[in-house]
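Here chain A shows up in two complexes: once beside chain B, once beside chain C.
Showing the complex of A and B:
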């Protein structure tokens, strides 16, 4: 008994040594910086540098400044639009890959659907700015059929298109994963009981894949609302998103405390979305 | 039949949408003219040549490779060790610890970068490729941890126990038994980390000063507007990522 116990303690001690490097790294370069930022958001930038005022001044000036509120609203609007559009585009594609394509082409079709996912996101956004430019490819094609030109460069529509492109690929992956996990006999049973294709989809397939869709949608929300590059390259400088506002604080105004406060607000939005999703999942289960 | 056609049409449309920007990017990197917009004026390699002759870009490319490989090796080591710890023993508070390790995945890179920038500022640490690499280790460790943890199972634990019973020390168990058993997962985690670090802009932008990585250099190139040279370097970056992902896929496929 005591021998066994000593083996267990030894194993535990060894495990602590193994886990320590990763845990310490996370503590030093993630948790502490995050805490630093939370603290900094309670300070103020003055002409002399940083002053530890320990108040909610930055948050108050966020609430008092309509331009700042507007940036948050812009970000939320863009993110929600992108999330919905991406789910609507990705679901049928994931379905076709998982169900309609001969099995031996499935992996290839999936891999093809996500190759551009791995382009650097700077390059990807730049590529969309080429496509959407005033004399770009899209307007060239529209002109050829007698339409357009559309003035999409530096607009919110361009931001939404760039984001939707990226997240459609991400969601195709995650929805595909939940589609192939679904046991096939359930659908067979539904068909045996006389359900048509649409009823089977609505009553069996959709509820079973919805959790996967929600996780993907949350991921989309979190990544989309926190991205600076896409709105900066495609959206231009007028209709600012929250991350752009944060970068402006660092760049032009050198106001790190305000940037920190805005980041905390950004994290708050993501946390709320997460809680919403977690609660919804619990209700569904 | 209509169903078949509808599916085919939808696939063509979506694949078109997905590949449109990459296609345009690569095509116009061969533009024989000053602007990467229609009409296509003929095939030329001059922009690729210009990219390869650009000292700043090539230096940034070297920096990027260095940061990507170094930070991925560190992240892989940290993730692998932690995954072993969680697989072999029951640690108190394991859910909280695992949550802490995975947490960076759910936080925007902008926020991670800002936190590091603020901390390094307060500590008086100057920005360099080292700070960038430290940031990239933060974002890649959860990934490596998760991939290694998924690969470690009962088989590894009992093989390790056998090796230990036969007198192997901890280091030999790890390098001669565990690591070879999950080699495909280790390679996959490494390649995925390299891709993420290689592409990452915002942390690298916030935490570097004189020596910059490739995405940061491309970012400053963007200020000059649409330019076939940006297309050329972009295509090059895409090629590297695509190759890394392809090898990643092949490593995983061989495992099956």
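Showing the complex of A and C:
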């Protein structure tokens, strides 16, 4: 073996050793649980317990059941709405923090923006349910200015509001990170070449901050579509979403195989969203 | 004896003593058992820790049991109607009935047809109540609630919430439609589903125990379908406007049963816990538990409950209520799956 080959072998071995913890972590906490879930989804729940039938019966049942399809549709509609709203709100907020607020106040502004993360998910959802309740804070204010009460509690609108509040903060952070990394001389150069503010934003700023937007949007999509707590508390059981359907299989039917199949479908939706995002980014670049 | 042997003996005896002190009993229960004041007397008397895992609905209990190791659990509290199901699954073991208070149990709560299978007793009733209609008496009168079919007529649109448990609510609707919960069949489901979906159109929310209580207690809704004394009794002092009624058509009666796991590693201690729960003191504490109040199965609890508590539980009206309430439906596997499909469509609507 030549000296060069020996060095390469040692380097490869070293790389494997260094990557080993991450690989083991992924194996133990993603691949094994995912594999178990995939296998379980091919079983069936019977009166006598779980039976290893090794077929796609649970997936066929999903496709044949309009209520299940409705739950997936509800989840997708809520998630897409929340993702779009969050991006539309987060971008101007991140821009204001990164560009308009004096540098010495930026940390404070960022801290204020992430304060909602400091409270628990459940507490935040219940707080929103108090705000949006029939006799809640919002309707008190509306009543004080002579406007009629809004019937927002226990609705999809309440779920979307609760989600959007949370994910706007998440997206603000990822977009802010993209904005501050952008070299300022690019915009100055664009201005020198005669580009107006809108053209500079469209041709320079937006393309350069798009990776931050897309990463934040994907995180929003993945976290939102898999969330059980917010639709349960704010939706008032009126808008069955896929995670709630999964919990119904576990909590009511003790049907772990069907719950596993629905979870795989949920993961498939997230994977498709990722592939769509990756493809779109490739096209844009 | 050498110093080493002495030390080993000392360490060994200390470990054994600690093991005895830290003995734990694991119980799978509804939320009313998780009130600290309920289990504290038992823990003090036996020097053990009672670990309580809360669930809602028999399906959830079965999921937890299926994903547990044999011997993980000692005591199970389950809907009385589901005892044959869990016995058939080999989950419950025989119960020693010698020291249990059958002589003071309400006769309707003995429920031999559910608790005794092939001559062997597997569980005993511990608490019961009704799934019926709770309402805000400042907004509606008892007369408004007397006809159950009005609930799904659209008369109360946006003013009612529904308790999220398919068996009692579908049982209630069956009663409202003049059906017998004991003989429900697949042929009855279309009519029940039609009423149920109409009920959803009027519902502001559908929630589990705590959400249901919160919805009516905070004034978010004025009617709770599936409610009963378990919603209002514990709130009587603070919210005297909350009332409940059994409509003219009747209501459904729920009951909880308690038994010992067949594979419990400490069946004697588990049996002692069952005895404690059925004792007058245990029954009074369980009846007035913070999660929800309801009637104790053992009438001897009357000696421990205060007059105010008995009034809130409507102790003196029980004979009339028991006569007018039917048991939960007891569907076979096929009907149960079909009922859950209907409930899923109800939730997805």
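The criterion applied here is as follows: the second predicted complex is superposed on the first by the 256 of 285 C-alpha atoms of A that agree within 3 Å, B and C clash if a C-alpha of one lies under 4 Å from a C-alpha of the other, contacts with A are read in each partner's own complex, and residues count from 1 in each chain.
As a convention for this text, contacts are C-beta pairs under 8 Å (C-beta built on N, C-alpha and C of every residue); 3 or more make two chains touch, one makes a residue touch a chain.
All values derive from a computational prediction rather than experimental measurement.
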item: Touching partner for A:240 - first (chain B), second (chain C), both, neither; value: second
item: Partner chain(s) touched by A:49 [first = chain B, second = chain C, both, neither]; value: second
item: First, second, both or neither for A:120, with chain B first and chain C second; value: first
item: If touched residues of chain A are counted for chain B and for chain C, the larger one; value: B
item: Which superposed partner A:133 touches (first chain B, second chain C, both, neither); value: both
item: Touched partner set for A:265, first chain B, second chain C, both or neither; value: neither
item: Which of chain B and chain C A:252 touches, first, second, both or neither; value: second
item: Which of chain B and chain C A:25 touches, first, second, both or neither; value: first
item: Which of chain B and chain C A:152 touches, first, second, both or neither; value: neither
item: Touching partner for A:16 - first (chain B), second (chain C), both, neither; value: first
item: Doubly contacted chain A residues - partners chain C and chain B; value: 133, 135, 233, 250, 256
item: Contact footprint of chain A on chain B as seen in their complex; value: 4, 7, 10-11, 14-15, 17-22, 24-25, 28, 36-39, 77-79, 81-82, 84-86, 88-91, 97, 100-101, 103-104, 106-112, 114-119, 121-122, 134-135, 137-138, 141, 145, 170, 195, 198-199, 201-202, 206, 215, 218-219, 222, 226, 230-231, 234, 237-238, 241-242, 244-245, 249, 253
item: Contact footprint of chain A on chain C as seen in their complex; value: 55-57, 59-60, 62-63, 66-67, 89, 158, 162, 164, 166, 203-207, 211, 218-220, 333, 337, 340-341, 343-345, 347-348
item: Complex interface listing, chain A residues touching chain B; value: 8, 11-12, 14-19, 21-23, 25-27, 29-34, 36-37, 40, 89, 92-93, 96, 100, 107, 109, 111-113, 115-116, 118-124, 126-131, 133, 135-137, 140, 165, 168-169, 222-223, 225-229, 233, 243, 246-247, 250, 256, 259-260, 263, 266-267, 270, 274
item: Residues of chain A defined as touching chain C within the complex; value: 47-50, 65-68, 70-71, 74, 133-135, 151, 153-154, 233, 236-238, 240, 244-245, 248, 250-256
